[in-house]
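Sharing a structure, written as structure tokens. Questions coming.
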Amino acid sequence: MRVLFINPNTSPGFTEKIAAIATRHAFPGTDVVAVNPTSGPRSIESIYDELLSSPGTLETAIERLDECDAVVIACYSDHPTVYALREIADKPVVGIAEASMLLACVLGHKFSVVTTNREWEPLLWDAVRHYGLGERCASVRSTGMAVLDLETAGAETVDNAIIAAARLAVEQDGADVICLGCAGMAGLDEKVTAALGVPVVDGVVAALKLMEGAVAAGLSTSKRLAYAQPQYKEVVGLPALFDRPYVRR
Amino acid sequence: MRVLFINPNTSPGFTEKIAAIATRHAFPGTDVVAVNPTSGPRSIESIYDELLSSPGTLETAIERLDECDAVVIACYSDHPTVYALREIADKPVVGIAEASMLLACVLGHKFSVVTTNREWEPLLWDAVRHYGLGERCASVRSTGMAVLDLETAGAETVDNAIIAAARLAVEQDGADVICLGCAGMAGLDEKVTAALGVPVVDGVVAALKLMEGAVAAGLSTSKRLAYAQPQYKEVVGLPALFDRPYVRR
Amino acid sequence: MRVLFINPNTSPGFTEKIAAIATRHAFPGTDVVAVNPTSGPRSIESIYDELLSSPGTLETAIERLDECDAVVIACYSDHPTVYALREIADKPVVGIAEASMLLACVLGHKFSVVTTNREWEPLLWDAVRHYGLGERCASVRSTGMAVLDLETAGAETVDNAIIAAARLAVEQDGADVICLGCAGMAGLDEKVTAALGVPVVDGVVAALKLMEGAVAAGLSTSKRLAYAQPQYKEVVGLPALFDRPYVRR
Amino acid sequence: MRVLFINPNTSPGFTEKIAAIATRHAFPGTDVVAVNPTSGPRSIESIYDELLSSPGTLETAIERLDECDAVVIACYSDHPTVYALREIADKPVVGIAEASMLLACVLGHKFSVVTTNREWEPLLWDAVRHYGLGERCASVRSTGMAVLDLETAGAETVDNAIIAAARLAVEQDGADVICLGCAGMAGLDEKVTAALGVPVVDGVVAALKLMEGAVAAGLSTSKRLAYAQPQYKEVVGLPALFDRPYVRR
Amino acid sequence: MRVLFINPNTSPGFTEKIAAIATRHAFPGTDVVAVNPTSGPRSIESIYDELLSSPGTLETAIERLDECDAVVIACYSDHPTVYALREIADKPVVGIAEASMLLACVLGHKFSVVTTNREWEPLLWDAVRHYGLGERCASVRSTGMAVLDLETAGAETVDNAIIAAARLAVEQDGADVICLGCAGMAGLDEKVTAALGVPVVDGVVAALKLMEGAVAAGLSTSKRLAYAQPQYKEVVGLPALFDRPYVRR
Amino acid sequence: MRVLFINPNTSPGFTEKIAAIATRHAFPGTDVVAVNPTSGPRSIESIYDELLSSPGTLETAIERLDECDAVVIACYSDHPTVYALREIADKPVVGIAEASMLLACVLGHKFSVVTTNREWEPLLWDAVRHYGLGERCASVRSTGMAVLDLETAGAETVDNAIIAAARLAVEQDGADVICLGCAGMAGLDEKVTAALGVPVVDGVVAALKLMEGAVAAGLSTSKRLAYAQPQYKEVVGLPALFDRPYVRR
């Protein structure tokens, strides 16, 4: 099977990191493809950034939908393209935030998310509530470092900031499990586990495993109600590609 | 003061309707401006449609932010541009769905939303929960008519379908108040009230009144945490206009 | 239009303050009338106080219902006369606590309430839950100063206590918006905003704006279910005035 | 011990009924006293009625607080005097609605309330939520008969209406237990149990048993935070009796 | 009437303590019987311990069901035998945790539970949520002392640890009432009340009072839906006694 | 890797069915082992049945823990041995109910569970709430057929009953996805999907995929707080095997 990972920002460094981690953890027979759009912001740290990244992300997905079995949106947010893709694809689709939290649920009683800027705290609490997982989330804690800093700051600085936030989640908030709340943190799970002795879920790996599982089980997105294929309507001023997913009555 | 209404779809007929209703209900001294983007779908009935409408809507808003005191997104959904605009504007911003539900809260114990296609039911329940108003919402009921049908079907057919759905909301679900769940239903409030004897909230009017009230009270969007101005990052492959809202550190 | 503000305590100083603030913020054409009952406690700090203030408040309202277009109960609590008035009036009615919280919802992701005595914390949390706004409330924080102290303590002392509590709400609890939790705090909003850089909602102004908006939109309390006009029954030992609101079958 | 039952309406027939049932179910050594105020409405069917009944109810209670060990407010509602009495008394206080629901929780997984007029449905749902018991309540169902009709309609008519509503609660809503939602239904529990084979909780009996239990366990209302004794403030235009409960600093 | 207390652990010292406290608080005419199983762990501190204690507890109960009027499971946990016994008995059954929390609800606005090991915190929060009382619970706080330590540590050490945890619950978490979260804490209620001035509920006493009340009111477990008598099926490899409770179709 | 499936009832027919389905869906390299205890009831339809099945289930697990990488409890309930095993194992453990619901969350907006006897409805709602998934569950619907009937009734009868219940879930309750709520329904997923056009999740397959994913990701149960290894205490009257999992301080 082929699992398509779309990094919705335009930083190829992130995409490579995602590709490496997903490839390393794939079951034999799983083909990992990781791409990013050619338009949009270099990183995603706000709803505004999410919306600027959406046309490119959708374009990237629409072009590749026929050649994959499942799609992962590799941004640790409640990225709206997850839902748009569930509407226009008849394949399973998941974001790495939701995937990490669902997998965390089988590993402990409560999970916490460790993320970057403080602005992500309300956004990720909204994501938790949107997924219906408010009862399972002990806390969302931020390190105060911006997304792109994860790339440029020294590795030790980044590690220490994440470990410090995760420690508070475990010791003060009652978290049994830590979810790494940024695609740019991919690969840090082992260090955090070593420091704190709790399972640490990397969203890229969690999403890969859920998609491999769904595809192997023959399961796909329900097209019945919430994610019904959108009805055709005229679209103006945008590439014709965007017409393709509509169903004609 | 000037209140900017953006109809995020590309049907000028909707925009005119919105302009007419808002103008009719404005306080003296309020200048209503209603516009729609030049790119995107003719109507919005899915997350996919929402995302296709977002770049044009943001563009339209960014160009006009300096010339208005408040912004209304005139689509009866939890349209993501509401949040993006709260991030990039230092003016109050609201969508007509949230506005109608907040105003309904002072008129009755529970409200119901009457909407078009059945696919809107889960989307609008998500909106209700996102606004944190789940305890106040008796039901979301759909008429089964698509958004564009509201324009083309005979007025009586549309009216009867909406009244029938609203009647079930009142008699079976315990709604005290009805929210008209589509910008295209603007103006039908009086007919529904006449038929059912309950207050019927038109989202365009509700949004106008909340924005007039906020501006008059000297209140604006909090830029402190959730809606902090986004930090600058490079944006590629999109018009330079989209760089403008970022703050440089 | 005429908006009737009833200060349910018997301290005319509060009433004058309320009148001044409401008058200053009214739209042209809005006539503000502020009154208080002649019986009941000088301030309201408990359910017991609320109930002692209720007969006088209802009397005051019943006498003036015909001459106004909307009623505001200007006590920052879930004062039970709000609901009684919704039952007996066919005009919009709101309390300043609910009004401030609803308006805060369009300005930020979460609001906090800053109030006086610590005993108000559970009472206002109950109010928040009764309004169905628990998901939007970051915290209720008290200054530890009694209501009447707001009148007698030096202005600087009061200001500092309120700003300190609000600062904790913003920095520790994640509040984007502050609601001033006492009618006696009216007018302090600008100072708190200046100190903290967040919008601060004064309940008197919020209630005024919601009532002006509802009346201008032609909306009133739903008489259908929860706030149906009470059926007549004999009332003994009380002024005949209290018979007036009942409906005879 | 002595348990004081206050029927807050002014219908002595209700009071006698309450006295008879409580006396019949009292443990040996429990002295039941049932009274009603001399002012207020003949029955309570709205918040307005509740507030008209409050001064008389408080007066009745204040005069007798020293001579009893616990107080029951015998009106099936979230009557506000329950909370005022918890503030001003250092004895346990409960209303028959809360008592019946708490006792129902040990008898089944979910309870339903069967009440009179349809207007009680939202009021009793608010009560359920205020008690924090929303997860345990299957439904609130009304018979459509007004409170005073319970006294005047033929017994069989009343019984049949209650049994029909209770049957729907059991068969459609998944209720394991029925709470009789009106003090005027006292004594019907056996008939409903005979018809439906489920336990039926009479609020008067439930309140008696909780108060007997609390007193025997040496437990009383916490005066620490939510129900702290109110601080003195001047009260004007009301009987001096109402000054008595305040604490002077 | 006879109330059967089953201490599900195999430490007779606990059983004696429970018997003494229950006997001291029983109404005249109530016969208290306290027993423990002969198989299972000496104390219960995990789900694993609960399950090891379950066969012995059920055996003990089945043998004595005909000779009692109500059953109390005297372990401060959401012990699963409570639900099994509700299924197989037509008598009221309660655990001391649920009983203490329900009684606490009439004494204050919020209760906190003070318990032993930290591992109990998530378990007791699950219990609180299972009882549907999440809105009424201010906190679950642990002393860090294991259950059996309560027997062996000096009385003063135990008392001080419990009082310290309870003080935090009252002063920081807003608890009005403390529930003693371990059967082994029975008898400490008076000391904690003396230290903190808040009501302290002992689960053994609370359960006794609820069961005395239910029996006196003629109320028993609903057998209608959730606690219907289990249908017969073959049971292999276990004592024949376990067949007895099944109903044959 | 090896995944151990324990069918906690004592019907080998169920175990074989589970083995067959899990084997058919396993990734290459996964070794499926399915067993059942030698003591306990033939089927599980109540908490009482669950508790009778627990000692044998734990025994079976303890004996095999060293030889497997993950454990599945293959009973569609919130079987308490799942939690006991998370406490005593340092491997991932899941029940088929929780697994099916978590996987359903990525396939649709809401799922419904279709189960057997009506008594399962409250039990499975409790499970849903315990998993914290109440917001994602549209309904729990029962077919009214007992568990063992699934084995003996004609296949067509069983299929039709399940399809009828699932149809109501989709058409009336708004379910996008169906979870088959009984291990004995394993294998019916394709028929239900064919009839209704929605994804149908088989809990055995879902649990297999989650466990394969967790093991491949190097993730296991958190031993930090909620599922900490239980401390040793003497266990009397039970096989010595049950001492093994305790940790000695």
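Lettered A, B, C, D, E and F in written order, each chain numbered from 1.
The rule is simple: contacts are C-beta pairs under 8 Å (C-beta built on N, C-alpha and C of every residue); 3 or more make two chains touch, one makes a residue touch a chain.
Here the structure is a predicted model, which means the values were calculated and not measured.
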Set of chains whose contacts include both chain F and chain E: A, D
Between chain E and chain A, distance of the C-alpha-averaged centres to the nearest whole Å: 44
Chain centre separation (chain B, chain E; CA means) in Å: 52
Averaged-CA centre spacing for the pair chain D and chain C, given as whole angstrom: 28
Sites on chain D at which at least two other chains make contact: 109-110, 121-122, 126, 129, 135, 174, 176, 225-226
Chain-level touch network, classified as line, ring, star, complete or other: other
Full enumeration of touching chain pairs: A-B, A-C, A-E, A-F, B-C, B-D, B-F, C-D, C-E, D-E, D-F, E-F
Contact footprint of chain A on chain E as seen in their complex: 121-122, 126, 129
Contact set on chain D toward chain E in their complex: 25, 27-29, 92-94, 98-99, 102-103, 105-110, 131-136, 170, 174-177, 196-199, 201-202, 205-206, 209-210, 212-214, 216-217, 219-227
Chain B residues touching chain D - in the complex, by the definition given at the top: 109-110, 135, 174, 176
Chain F to chain E touching residues, read off their complex: 10, 37-43, 45-52, 54-56, 58, 80-81, 83-84, 87-88, 117-119, 121-123, 126, 129-130, 146, 148, 225-226, 228, 230-231, 233-238, 242, 245
